[in-house]
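Below, chain A partners chain B and then partners chain C, in two separate complexes.
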Partner chain A sequence: MNIFPIVNNGWKVLAGTFVVALPLVVPEMQVHLATEVLIYCLFAVSFNLLLGYAGLLPFGFAAMFGVGAYAAALMFNHLGSTPLVVVITVAAASGLLTAIIIGAFCVRLGGTYFALLTLAFQMFFYAVALKWRSVTNGDDGIPVMRPEFYFPGLGNLSLMNIHNLYWVVLFFVVLGILSAYLFLKTPLGNAVVCMRENEERAAFLGYNVYLTKLAVFSFAGLLAGVAGALYALFQEFVATTVIDANMSFAVVLMTIVGGTGRFSGPIAGAIFFMLFQDWISDITDYWRLYFGIVFVVVVLYLEGGLISLFNLDPIRRLLRRKTG
Partner chain B sequence: MMAIHGLVYGMLLFMVASGLTLVFGMMGVLNLAHASFYMLGAYIAYSVTVITHSFWLSLLISPLIVAVLGMIIERFFLRRAHNRGHVAELLVTFGFFYILGELVRMIWGSNPLPVPAPVILQGDIPLLGGTYPVYRLFILFFSGIVLLALSLILKKTRVGILVRAAVSDAEMVDALGSNAPRLFMGVFGGGAALAALAGVIAAPFLSVYPSMGLDVLLDCFVVIVIGGFGSLFGALISAILIGELQSFGILWVPRLALVLQFLLMAIILVIRPTGLMGEKE
Partner chain C sequence: MTALKLDHIYKDFSGLEVLVDISMTVEEGERHAVIGPNGAGKSTLFNIITGHYRPSRGKIHIMGRDSTGWSAHKIARMSLSRSFQVINNFPKMTVFENVRNAIVSKVDQRFNVVSFLSRSGKIRRQTEAVLEQLGMYEVRDVPAMELSYGWQRKLELALTLAGDSNVILLDEPTAGLDIEETRGFIELIKELTRGKTLVVVEHDMEVVFTLADRITVLNYGGVLITGSPEKIRDSEAVKNAYLGRNSHAAGTD
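Right, the complex of A and B next:
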């Protein structure tokens, strides 16, 4: 009997059930943590579309995340009761728009130029968020009231309840990650990977390198905008921290540590990043320092990231041999 | 008066950017940790002046410590990533940028720290019908000497010739029998020392704070992009340009001051992607 379908898919079903049922089995503090992990998962997955699949390393990726967060916060504050779906859509659109503006300048350049130019643009957006006090409130930030969420059949659910918030965030995060996954299956997604491998040949085959890169950058920006909006909802507060360099650096760190070679790498990275932070900040205030050390070790000695430690292939091969 | 002000900051920027652009020209990696060397230089200067009450001593000690640190990073970490391409190298330097930034926060805390200038250099002197702080003139004077020394070393000495050769073709230098890896390590350390020196000099002028590394990194990056990667002369011109732009920018359009240099960089990138003095890759 071939047990692979069960081994392969069984754990997926199990993991899925666990993620959905999580709020019912763990204490409230942990639900809080898990919600944040989910948001970072989406953020890191969208980042890895660029780093892992397009071969682009943006050091200023928080620009889109931050713009999404600010867009959501401003809508919650000024437009009264807007349906959550509309807010998320607008945040996604603003993330997309930001990415198109930044990408138009940056994607033409490769490697180091691209990495630092995006950082320069992000610092520009940061400066705007800091100085444009009449809109963004500068360093003081904008408080966000979590709205009610209309769910067919159940009526209006309050997102002040962390369990409801978790499920809503889970819904959007899964939607985002799924669309990233499907994006890579499209011809456009294939073209992106093709360009990472050999840009000249892709251009020779007739692909428009500039537009393709701009497209994947914009799409990643859209997802980052969604993640930003969810973050605003989660934190109930938006300040310049959502758009500063540390946010950009965090996503670089978690994605690389998780592993860029596989789709699940950044998810593992985000989970590890948050758990590491949660665990070690009890011991020391300087968790970033220790995570930086983990990062350097991974870059130097573990090219595939942490996810490569969970490589099931040798086990599968062993099983295959036994079951014949 | 504003012109001198811009020149002072420009020369300071040049001191940091020169090491960065030399290393980039040779090894093809933009060393993000370079900005941390600058910051570390300033912080060590703070500690040395607190302990020994001698600013001059810190001018000697701080670059030495940072140079050793730079060489260790190059020898034991960066070199391992060398075969794996520039992204891996960039990430290693990024890791150290991050680690050193946090280390500084851990040792010295997050608040800005003042470093007093030496007594002789305090106060103002009359200049061009106004008065001007002596210390800023000292920065100008000192960085002028560094610039002179740097160009003499690069033009006249054997090491300098090797370095310039390695900037244009490192592999060929290696093939011709010079020890390129050792040269890399030396230049990396030398660049780190230069950055630290700039940090020490900047400390009484700008005070010492944890995000000074990031600030200078972005300014330096703009300088190098405008000047052209790997070009020392280009770096000098554009550093002064950026210094002037910032000092006049704050005077004329204070709300846009932060944006001006990025705007300039965007324009340069569109009309001349290799920078003012850069050669085609």
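Right, the complex of A and C next:
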């Protein structure tokens, strides 16, 4: 009997069950952490559409995350009765729109110029968030009331309950990650990879390099907007930290540490980044220093990132040899 | 109908004049070779026709339409495709995926986000047909960067021909191949571009004289002479500029 399919799919089912059932088995504190991890997973996956698949490295990706977070916070605050789904949709649209505006200027440029110009745009949005006090409250930020979430059959669920919040966040994160996954299987998704592989050749085959890059940048912005909205919901508070350079570089770091070559790389990276931060900041105030060391070691010695440690191919080959 | 018409094309790169007053026409179905010593401006000419550069002055018409200043992807979609002198493919993708990229563009699915690429029977069939035609089936699952040089040359040709364009520009298609390979390659090109307009830049005189109906000789960025292979072979000006000094094939002087 070939046990390869069982091994291959079995762990996926196990992992899926664990993720869904997590709030029931771990203490409440850890559910908080897990919720935050989920949000970063979506953020990093959307970022990796650019870095891993399109070959674009934006240093200012928090702009879309932040705009999504602010859009959601403002709606929760001023239009309290709006259903959550509508808020998320508006946040997604804000992320999309921001990405179209920024992308229209930036995706023409390559390499460093692209990276730095996106950073410049992000700093511009940061300055707006900081200075436009009448709307954003500047440094003081906007407090957010978590709304109730209507679930067919169960009625209104309070999101003040961290378990409910976890599942709602999980739902949107899975939806976002799934759409990114499916996007890559479409002809446009393939065109995006062509941009990374050889944009000159692609252009001479008839691909519009500019529009293709703008499309993926916008889509990534949309998903980042959703992640931002979920973050606002989770933190119950939005301030300039959602749109500053720290946020931009956090997603760069977690994605690269996780590995850009595989779809699951940024997920592994986000989990590692958050758990490592959580664990080591109990011990020392200088967690960034230690994360930096890990980052350097991974970049130097672990081509493919942390996810390559979970490479099942050698095991698969072994199993195949034994059974076949 | 005129497939390709260049009208007094000039190109200078910040003062350095690379092309000077180039006018040429290529009729539909013609096989035209562009030859000339190194630095004569052949590659620049290709880059101007295909939209990689803009001419400093002059007009370009492709199949009767003014394409001056158009971007490369727009020109590519006007049924004009080119190959490159230096291998230029999607290195990490397999041969099948490389050719499929060209087919996706040909069937106008570049921005399709509502269906899966791997599920499209039409795209798969057309891709396989191209691989079959070029005899590349045996390497279909090999990543392009792992192919031998000869296969990469073939892939270059496959990418150029897959879109079934009417006007084909080949930039030194046999560069780096040995004599045997070159001959096989030329037969393949002849066969696959039958009925199409072909413009080819070549250094190899054997290739040029077996492939071309008409030849344009460039020298110092200008057109030295245009005419039939016989006329070019007998031209004193060409002998002086090019064949006399460089060629081992023509065997003159």
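Keep in mind that, in the parts below, the second predicted complex is superposed on the first by the 324 of 324 C-alpha atoms of A that agree within 3 Å, B and C clash if a C-alpha of one lies under 4 Å from a C-alpha of the other, contacts with A are read in each partner's own complex, and residues count from 1 in each chain.
Note that in this section a contact is a pair of C-beta atoms (placed from the backbone, for glycine too) under 8 Å apart; a residue touches a chain by one contact, two chains touch by 3 or more.
Keep in mind the model is a prediction, meaning the values are calculated, not measured.
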item: Chain C versus chain B on the shared chain A, clash or fit after superposition; value: fit
item: Touching partner for A:212 - first (chain B), second (chain C), both, neither; value: second
item: Superposition-derived comparison: chain B or chain C, residues of chain A touched; value: B
item: First (chain B), second (chain C), both or neither touched by A:310; value: neither
item: Which of chain B and chain C A:116 touches, first, second, both or neither; value: first
item: Touched partner set for A:190, first chain B, second chain C, both or neither; value: second
item: First, second, both or neither for A:300, with chain B first and chain C second; value: first
item: Which of chain B and chain C A:124 touches, first, second, both or neither; value: first
item: Which of chain B and chain C A:204 touches, first, second, both or neither; value: second
item: Shortest CA-CA distance between chain B and chain C [superposed frame, angstrom]; value: 10
item: Shared chain A surface residues [contacts with chain B and with chain C]; value: none
item: Contacting residues of chain B [partner chain A, same complex]; value: 29-30, 77, 80-81, 84, 86-88, 90-92, 94-96, 98-99, 102-103, 105-106, 214, 218, 221-222, 225, 255, 258-259, 262, 265-266, 269, 273
item: Chain C to chain A touching residues, read off their complex; value: 50, 71-73, 76-77, 81-82, 84, 88-93, 100-102, 104-106, 109-118, 120, 123, 159, 163
item: Chain A - residues contacting chain C, complex; value: 182-183, 185-191, 193-194, 197-198, 200-209, 211-212, 215
item: Contact footprint of chain B on chain A as seen in their complex; value: 55, 57, 59, 105, 109, 111-113, 115-117, 119-121, 123-124, 127, 131, 245, 249, 252-253, 256, 285-286, 288-289, 292-293, 295-296, 299-300, 303
